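Please read the structure below before turning to the comments.
Naming follows writing order (A, B, C, D and E), and every chain is counted from residue 1.
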Amino acid sequence: MTWLWSNLDLVGELSLVHLALSVPAIILSFVISVPIGWLAHRYRWSRGVLLTLCGLLYAIPSLALLIALPVFTGLSVRSPVNLVVALTLYGIAVIVRTAADAFDAIDRDVRQSATAVGYSAFGRFRAAELPLAGPVLLSGLRVVIVSTVSLATIGAVIGVPSLGSLFTDGFQRGIQAEIATGIVATILLALLLDLLAVLAGRLLMPWTRAGAARRSSSQAPVVEEVLP
Amino acid sequence: MNLVADGIAWILDPANWQGAGSIPERIGQHLLLSLVVLLIASAIALPAGAVIGHTGRGKQFVVMVSGGLRALPTLGVLTLFGLWLGIGLAAPVISLVILAVPPLLAGAYAGFEAVDRRTIDAARAMGMREREIVGGVELPLGLPIIVGGVRSAALQIIATATLAAYVADVGLGRPIFQGLKTRDYGEMLGGSILVILLALLVDGAFALAQRLVVPAGVRATRTRELRSRPPRPRTVVGRPIHEGNRQ
Amino acid sequence: GCASGDPLDSGSGETDGGGETLVVGSQDYYSNEIIAQIYAQALEANGFTVDLQSRIGQREVYMPELESGAIDVFPEYTGNLLQYYVPDTTATTADDVYAELEGALPDGLRVLDQSSATDQDSYNVTKEFSETNGVTSLADLAKVETPLTLGGNSELATRPYGPDGLKSVYGVDVAFTPIEDSGGPLTIKALQDGAVQLVNIYSANPAISTSDLVTLEDPEGLFLASNVVPVVSEKVDDAAAEVINTVSAALTADDLVALNALSVDEQQSAEQIASDWLAEQSLF
Amino acid sequence: MIEFRGVSKRFPDGTLAVSGVDIVIPPRKTTVLVGSSGSGKTTLLRMINRMVDPSGGQVLIDGTDVSTLEPVALRRSIGYVMQNSGLLPHRKVIDNVATVPMLRGTRKREAHARALELLDTVGLDRSLADKYPSQLSGGQQQRVGVARGLAVDPNILLMDEPFGAVDPIVRSELQQELLRLQGELGKTVVFVTHDIDEAFLLGDQVVIMQQGGRISQAASPAEILAHPADDFVADFVGADRGKRVLHLRDVDGRQIVVDDDGRAAGVLAS
Amino acid sequence: MIEFRGVSKRFPDGTLAVSGVDIVIPPRKTTVLVGSSGSGKTTLLRMINRMVDPSGGQVLIDGTDVSTLEPVALRRSIGYVMQNSGLLPHRKVIDNVATVPMLRGTRKREAHARALELLDTVGLDRSLADKYPSQLSGGQQQRVGVARGLAVDPNILLMDEPFGAVDPIVRSELQQELLRLQGELGKTVVFVTHDIDEAFLLGDQVVIMQQGGRISQAASPAEILAHPADDFVADFVGADRGKRVLHLRDVDGRQIVVDDDGRAAGVLAS
């Protein structure tokens, strides 16, 4: 506790830095994954390829990715952009499958009725498929939020400051309170962003609440991340 | 790109295939560590997920635990336990178990949850006991999803077990750390490539297992889902009395 | 305070030609961070704009950035830095090392005055081990019967003074166990638990005295002298150099151990320790 | 004989699914519970094999209060057939049919032999025994469901909308089959449907239920048609066919029976 | 007028869903396609608004081959109502109804005003306008579906088992409502069902389809009853009500109409 009080500034600063690393990665991976997921859903043949490729990303050890990426991007190893790119890749690995499943799960009847009333292909995507995939996409986003915030700490090992710096520093100096603070701050940050996502979901998808009032069964699944 | 070539060269260098810390030894350590972690985590998460999936109670618990544990930064847990427990395998095993529990729990829960309630209801109405339902109906039908959870966990463990090298002289993380600190990027990438290959291999094996555990009768349905004809929507009535708990 | 600045402003300090902002970097090592803090605060106190980027990992990560001009001031250690550029150097004394280092640095980089404070690699054993085996010097290790394991950061495995150096200079065979905390508590715990018998700890580490360790003498000069020295880019003008040199002159070896103790034992932040020290020295 | 005495059921969430039901279900006859969705038919049915316990009143089988019986044993002694057959998708047809006997300890050989006979009974080819449920048509699955319900030769057979999800043609076939079977076996059948036509076809006694789980009328089909107990029953009985008040009309020399809306209902036998 | 000329459909997987269909659907009348599951009713229906394109033959609307029309525009000019209403669950009732007019460029105010009127037309309270579909009952949802189908005042209304998933009582209500509406609006309605009773009730022309997507008979209900084209039709027409050959029987002084199995079908008007 004493450590925390005398280092509140540091923790606050690192939290902001941590946010600045994870939020862009979260947003990017979401924005990139949705179209990929849609492709995987729309074109059956591409599904296996896309999902396997994205799953592959997950198999790359994070340290190795952080070091290897600059070879392709030309960035410096400890450039925050480098870390953001790596986090984005991991985010994509998590969310593409969920996105594909989200589009798969849309009620066929609704989809067909949207076609039947005369939506064009893109109109249908924008007006029906995207919002209807919303709840499942949100659940995927929530997983990405939590895992990205947690994974961003790894940057400390290669010199990108974040809450993870509290781990490496506390480790060297033998200050357990520092590490514990880092862990708790990371979790709080993840939960905070998660909460924001849930609130945003409520705001953007008011029908999910209306539906829940009547039948609670049709909510988004809790569990997303199980491979097929 | 020549970095990748360096990595491959490092792997192919016969000098790295013998003596202490040789590639086969590292791979063996990595696999063994991953296996131990997977077993421990499974022993914790699978029964818990099964109970929650079977009873339908505690869904919130699954969401909370898998969300909360996922938020736990592996590096932080590793260093914290490292300080407590010293060098060696204890700290990495603990932190990897924490990493593996969420997908396993989610998989087990989802596997049990995914079984058609009407099938379970029918089994109960026929007079199957709860354990007969769990073992004879839910487990075989949910197995593909459960194995999916194990697969996902295994993949993450193998990729992350590299961190074990932070506090223990074990696994394919060693060449990665060592290469990182000595600017021998060939060694580092070589280690990474090995980890990726290992992960792919294990993932492939699980993918196969996942196909194999799909019950025969269920596989037959896969082909016919072309059209949707929902029967009249109906409720499953009542929380049936389980054997024994008379009121 | 001015710790890490805008997180998305990547390490490339060259972005704007303002020239006023000096980027001070530090290793991923608490002691080094304290020194960097001292440099930064001293520069700021003298009207320079400073961007302090702490904990940039190991030499392999930050040296390329120094060379590229992304970092302007970096606290370094003469011996270790020289070995980075001249792995097979034969210099061992502080002055020799400093002289050779000046020539070894790539274009665009130079070292300012070296400080009398040193923080060099040193091999340590527990007092108990020292007494039972009668070991006080690295040369004594050759006669120890039981197998020896050396603990230290993984880069130690390939350093000239690592296991290979021990073998060639002192004829000592050691196994190696990597412990990635730069001679921190884990290393000491491993030593005390008997997981390793010999550990590499920086000589300014206060744990050497608090944990009752014995630093083994190095009669053959396996380790190079390694004094604290600032490496700077061309952006550092004479006025700035003057400020840093004043700091270097004031910093003693005992000071450094004391500062480190404040960090590890009192758990004070680098920023705090640096400003207290500067205030106490009243250099400016 | 099954007897409901002042039976009510309020679910934990407050829904009153069944309220104050008194009814006697005669042995060896078919009693059909009919009513619209949510009227408590399923809840009532499931009280018989203790899948639901009443929150008030008693359910008696041959004079014994079921609440004194062990649920698992009770369920194993009562046949249960549901919509979508409820077959275990990962077991072959024959194993599905033999499930309950084997749970009760019958040896596999015997249970299988009996299961094959049951396939004959419900009019299925024995060659289907080694298929999985998903390889059968909906109608065949329902037959397997009935065979499974009969596997332990129970006195009581509960059927919850067993033909609700199949084709009209297949449904009609299954209804005829059930009539035949019941003629042969004479079980006490309790049958739930929401189709008044099916109720009138199959039921010796028809129980009309309304929202809130109350019984509006319980009598024979003809009795109900002739003397509906109240407007609800009259409405319900008529609802499914427009109106049940019929007229005769001559089309091309044949006597067509039409209803109030002029809709054709059938041809009068000449 | 809609005309099918030698229309066939073979799906890419080889299923022959419709084969050699020739039929004329008269304007301002209701034509009902009836047949058991998989007989190609939906496929046939969807060829009208180009949700499915025939693999052989032509579909003409008022003499124009639909394959020359732009699918999206065509669909926007034809009402479509399906089972489970097919409402967009994330849009309020009023937005659902106003979808197509707004797609066609009608201004939001106007489209909403018209949508409110349509709610009246289909007998829904205007207060439901701001609810989401999931907050309505099944019957209400179907009404909204019909309102949406009528929103652009189309000449043609396609209805694919619109009442298949609702309660018998509600279904009967909706059927009456549709009859009333059709009396007022006089659209060309093509209606799919697998319920022969519903077909006879609603259809001016009833088209009986059999497996393989062939038409067995297309005629008025009375005509079909009086002269079924073949055994299949006779069977199918009879299937749903046991037998349609009826007899009169006296119960307590009232004339009850019963079928061959002695099952009560109704009461003869005295």
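General observations
The definition used in the following text is that a residue touches a chain if its C-beta (ideal position, glycine included) is under 8 Å from a C-beta of that chain, and two chains touch if they have at least 3 such contacts.
These numbers were taken from a predicted model, which means no experiment stands behind them.
The chains touching chain B as well as chain E are A, D.
Among the other chains, the CA centroid farthest from that of chain E is the one of C. The copies chain D and chain E differ by a rotation of 180 degrees on their C-alpha atoms, rounded to the nearest 5.
Two chain pairs, A-E and B-D, are weighed by contacting C-beta pairs, with B-D ahead. One finds 30 Å separating the Cα centroids of chain D and chain E. Centre-to-centre separation between chain B and chain D, using Cα means, comes to 45 Å. Rounded to whole angstrom, the centroid-to-centroid distance between chain C and chain D, based on C-alpha atoms, equals 85 Å. The distance from the centre of chain B to the centre of chain C, each centre being the mean of the chain's C-alpha atoms, comes to 42 Å.
The multi-chain contact residues of chain B, meaning those touching 2 or more other chains, are 82-83, 177, 180, 232.
Across the assembly, chain D contributes residues 37, 194 that each touch 2 or more other chains.
Multi-chain contact residues of chain C, defined as those touching 2 or more other chains: 185-186. By the touch criterion stated above, chain E contacts chain A in their complex at residues 49, 51, 72-77, 80, 82-91, 99-100, 103, 131-132, 134-135, 148, 158. Note for the complex: chain A touches chain B at residues 55-56, 58-65, 67-68, 71, 107-109, 142-143, 146-147, 149-151, 153-154, 156-158, 163-164, 166-168, 170-171, 174, 176, 179-180, 182-183, 186-187, 190-191, 194, 221-228. For chain C in complex with chain A, the residues that touch the partner chain are 1, 3-4, 7-8, 10-12, 28-30, 53-57, 61-62, 64-65, 70, 181-182, 184-186, 263-264, 267-269, 271-272. Contacts from chain B toward chain D in the complex involve residues 116, 118-119, 121-129, 132, 136-137, 140-141, 215-218, 220-221, 224, 231-232, 234-235, 237-243, 246-247. Within the complex formed with chain C, the chain B residues making contact are 20, 82-83, 86-88, 165-167, 169, 174, 177-178, 180-184.
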